[in-house]
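Here the chain labels run A, B, C, D, E and F in written order, and each chain numbers its own residues starting at 1.
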Amino acid sequence: MPTLLVINPNSNLAVTAGIDTAVSGLRSGLGADISVVGLDGTPFGIETQRDVEAVATPVAEHVAAHGDAYDAFVIACFSDPGLHAAREATDRPVLGIAQSGLLTALSLGESIGVISIGSGSLARHWRTYRSMGIAARVAADLPLGATVAELADTTRLGDRMLATGRRLVHDHGAAVLVLGCAGMAHYRADLERSLGVTVVDPTQAACAHALGAAALGYRTR
Amino acid sequence: MPTLLVINPNSNLAVTAGIDTAVSGLRSGLGADISVVGLDGTPFGIETQRDVEAVATPVAEHVAAHGDAYDAFVIACFSDPGLHAAREATDRPVLGIAQSGLLTALSLGESIGVISIGSGSLARHWRTYRSMGIAARVAADLPLGATVAELADTTRLGDRMLATGRRLVHDHGAAVLVLGCAGMAHYRADLERSLGVTVVDPTQAACAHALGAAALGYRTR
Amino acid sequence: MPTLLVINPNSNLAVTAGIDTAVSGLRSGLGADISVVGLDGTPFGIETQRDVEAVATPVAEHVAAHGDAYDAFVIACFSDPGLHAAREATDRPVLGIAQSGLLTALSLGESIGVISIGSGSLARHWRTYRSMGIAARVAADLPLGATVAELADTTRLGDRMLATGRRLVHDHGAAVLVLGCAGMAHYRADLERSLGVTVVDPTQAACAHALGAAALGYRTR
Amino acid sequence: MPTLLVINPNSNLAVTAGIDTAVSGLRSGLGADISVVGLDGTPFGIETQRDVEAVATPVAEHVAAHGDAYDAFVIACFSDPGLHAAREATDRPVLGIAQSGLLTALSLGESIGVISIGSGSLARHWRTYRSMGIAARVAADLPLGATVAELADTTRLGDRMLATGRRLVHDHGAAVLVLGCAGMAHYRADLERSLGVTVVDPTQAACAHALGAAALGYRTR
Amino acid sequence: MPTLLVINPNSNLAVTAGIDTAVSGLRSGLGADISVVGLDGTPFGIETQRDVEAVATPVAEHVAAHGDAYDAFVIACFSDPGLHAAREATDRPVLGIAQSGLLTALSLGESIGVISIGSGSLARHWRTYRSMGIAARVAADLPLGATVAELADTTRLGDRMLATGRRLVHDHGAAVLVLGCAGMAHYRADLERSLGVTVVDPTQAACAHALGAAALGYRTR
Amino acid sequence: MPTLLVINPNSNLAVTAGIDTAVSGLRSGLGADISVVGLDGTPFGIETQRDVEAVATPVAEHVAAHGDAYDAFVIACFSDPGLHAAREATDRPVLGIAQSGLLTALSLGESIGVISIGSGSLARHWRTYRSMGIAARVAADLPLGATVAELADTTRLGDRMLATGRRLVHDHGAAVLVLGCAGMAHYRADLERSLGVTVVDPTQAACAHALGAAALGYRTR
């Protein structure tokens, strides 16, 4: 069974713990060996482009430093910070959760709806959708108007999350939802139950991708 | 560990056996439980649109008949015959190897090169690339000028396969190759060694996707 | 004057009769020789992907069996079932009503609005729009929320049809409407009168295309 | 039977006569009533953007002056000069040969190859392909390196025409060719015989479109 | 300092004067030598395609006649009439305000919102956006429902202008606005103050482009 | 006259000096006040994604530290490192040379050819072209196969530069060339003279953009 390292590029321990919980289903279901780590000295949340740039090099350096210790790496932030630099640093596959979450959603249904934390990340997200060449499949990307810190409290954002998901499905015709942040996995089950569509947590999706990539000997360099 | 059923929608036993061999690395590497089956009464190879249409309903019916017996299904023909009909027939995830192979390649590198059997399938492939909304990432799709039957003999097509892959990488700038047929997996290792790029066998990629989909509770209905 | 065969790939006699009426203007206006036929043993309506797959081979076989008896063929279902297989079966031109209806609309105005029967066909339609490479010109595709059976009763769906057309024109800026089903032609005149835009019945459009294709010696093989 | 007026917006009588000959098959095959007229005082050929602009208003005014005398109008220059202005001038359908030729080709095969007179028109053509939203289906547009005057002599350009068509089919994978000028129809038969693909003369295609548009009551206003 | 000629291709003296005022900031800020001229005998406003065609040749001829007298030329109508013909007529750079306004906006923010005078120009605008290959970056183009004549009265259209801009920003997510007419510059300051986004007057943008083009020796021929 | 700061995000003094020379024409021609600065502690050249990430934060911090001292900022590296972070750091306009160079080229001709240093930057460039939504206008991006260090010696790379430009123009139909690096400006004159097309040095283009942006009060925040 391949070993994975999931890097949470912020210093928010609750997010790191949430990711650890989110991937437990892959551990039990596939017997996967998945480690999750945060990065000291990084921002509490990745909300601005400045935050994205600040963690890119630390992420790549962390991968470089552990390039032989794991079979594959996952960068657990929806801006995929440092993805291409990390790929230069190791022969092992390195996956970003935005890319993996979106591509996984494309394999499940016609059009994608993305739930983002705040409106400040929408321009960055659309640059990614277009850069990936898949923008025609993204029905809409709607912001919750929340902060990374607020995400931790399920009871607080649950209603807003559901209302946003409902608009994506009913008004924009999304067939699959993607959670546009590494810290939203705990909302997945409720959303699926209420809305009747598959909801992709991008970190889970990237870990599944990474397991396959490691088992099949793919490289991203 | 989820159970997968891989359906080879032709009646060519060598292809069915080749698929079985191709996914053995996922069995040993991930401990996956993968069954491979051919379909009686189908064409020997899927080379024309008539062949594609002929197997679509049998594929969907096979999925419908075994919808409760496996955790996920893979349709192992690069035309993804019957994919959307099969998805209507079960709550479990159903994946097509063209979609999964292409989306996996998109997660590994900038632009994709596809090696196809014959020129007769190129128009059909491009309809798929555009239908998926990813055509901007496909550098080229080059035909071998071979038949399904010829694929079985490695020594015979090896040189042509390598020359085609080399043109995709050097002339068209492909960063990742996708084998455009379910019966080409045995060429993967040689191509990777000679060309220095990752080569995606679409059936392997779809099985890895399906394992994740089953473990994470995705639905494609 | 070329002879055309229009194949209604369902077994709904009212739809077959409606198509026959819809093309009568081409018979009188252009003196065209147009035969319309239904296919026994097919579904009553083509509403699911399973229905689409079920009729693809019968359509292609019907064309193959009559390949010398008509100068051109039209497949009268907005999913264009069996189109590419039928083209392999004859030297004469074979046209699908979705392709012809959409391309005709593109020659008449800037952006297209499509009125579909139910929401279940939207994903299939968008795969077609993208596959054709014309999705940028489709303003919206809105469902009536009706069944094929309900379409026969003009008084019943007339209001809903008009409301849907109005939304396409006023909210989505459609300059031309396309009826997204072979069985909606009898609503065309009312829609045009009420909305002031051209409404393309795709079967009429495909027959006009087919007359030209036959007269000009085009081939689709 | 509807009456059509085909407007050749240059003053080259040989081109006007060639168009008249080119549409004779539609007259005999469909019994169509097609008149062809040149415009006095216009350039001998439409080769520059200055030429295109020079004829736009005369074309629109000619349509306006005869708006009641014909059932539909065709503008027979591959730059579609004055198309949108002419549409403002009459309730009857007005079609341009570039739009109709290209859309007709899209109904016949996967990807289009265009044979243009000179390299000076390529930028203008690509603006049209993108403006129409169909550029993804245009495999290539290759210039003959000829002048409008040279086109009249079949023996002179026949070899170059054939060589250009062959490159479009063999090197660029075009499944259908479009003649990128109103004065190339007399090369069509030879090209089809030699290359084995359908070759669309855009004026013929537009006349067939216009007959259908008139018979079916379409409007382009 | 380069000398520019800005050509207002209509005969509305208020628009010519408004343009002269609009570029005064470039004169004082950059010391630019900018002349503004209207064209006699042209329509009072460019509102229809007929108007666009009517001024194309006069614009090109005006550029041809003054090709040596200025270092660069700007065509000050959002339909860029005669742009490509004018480029054929001089070695000096000729810029259209639609192209320059839109490209400038693309350099400032993620997605563009355009405020147009009337709904009659939307189809023409979208042909331009697609022709330029930038339609993916245009969030929306909303009409004021005004005439060129009404634009002159700030107090009259100010509220409607603001409401339209607000919809572009809040409902369509536009990050930058473009004024879709040469006669709207006097609304720019109010819109920016009220909406908090940059508003591009296309004539100002084109003059800035033209200054750079002249200083750097670019050619558009 | 606005004041500009051009930031060369590498520590190669020859490149900084070359940029200073390249913008001297804007100083003399427009009287512009342009300062050019390198960044200590950065790589000698920006050739890998690691290099791009390494300089993003220093660039943004340099802009933040001098946000009040200049009217506009230009980031002089064709990867536009730190562009979006720098925009968060100041109210003044910040432009990247890749964006400005490409958008300027789009205002000058139909299709763009880019000359890049090495093949390692092609994937990064295409991500940018797609991210900007302008990939349809990029004819080709061809690498010189050189290093940043080699660029300094005109005699050494002149022939290769010319051969690459010739291929872009003749084989790929590029109407305008863009130099894909901040250190190539000294090749511009020779290329234009030999090839007869406009060659855009992206730093010059960005400075012209920035002068306009500052004079017109645009913001990029």
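By definition in this document, contacts are C-beta pairs under 8 Å (C-beta built on N, C-alpha and C of every residue); 3 or more make two chains touch, one makes a residue touch a chain.
Computed from a prediction, not measured in an experiment: that's the story for all the values here.
Colleague: Which chains does subunit E share as contact partners with subunit F?
Modeller: Chains in contact with subunit E as well as subunit F: A, D.
Colleague: Quick one: which chains contact subunit B and subunit F both?
Modeller: The shared contacts of subunit B and subunit F, listed by label, come to A, D.
Colleague: Please tell me whether the contact surfaces of subunit A and subunit E are same or different in residue numbering, using the over-half criterion.
Modeller: different
Colleague: In angstrom, rounded to a whole number, how far apart do the mean CA points of subunit B and subunit E lie?
Modeller: 51
Colleague: Need the CA-centroid distance for the pair subunit C / subunit E, whole Å please.
Modeller: 42
Colleague: Hey, what residues on subunit D touch two or more of the other chains?
Modeller: 109, 127, 130, 132-133, 135-136, in rising order.
Colleague: Would you please name all pairs of chains that touch?
Modeller: Final set of chain pairs in contact is A-B, A-C, A-E, A-F, B-C, B-D, B-F, C-D, C-E, D-E, D-F, E-F.
Colleague: Quick check on the complex: what are the subunit B residues that touch subunit F?
Modeller: 109-111, 136, 173, 175
Colleague: Quick check on the complex: what are the subunit C residues that touch subunit D?
Modeller: Those in contact with subunit D are residues 1-2, 25-26, 29-31, 93, 95, 99-100, 103-104, 106-109, 132-137, 192, 198, 200-201, 204-205, 208-209, 211-220.
Colleague: If we count contacts the way the header does, which residues on subunit F are in touch with subunit B in the complex?
Modeller: Interface residues on subunit F, with respect to subunit B: 122-123, 126-127, 130, 135.
Colleague: List the residues on subunit C that touch subunit B in their complex, please.
Modeller: 48-50, 52-54, 56-57, 60, 82, 84-85, 87-89, 124, 127-128, 130-133
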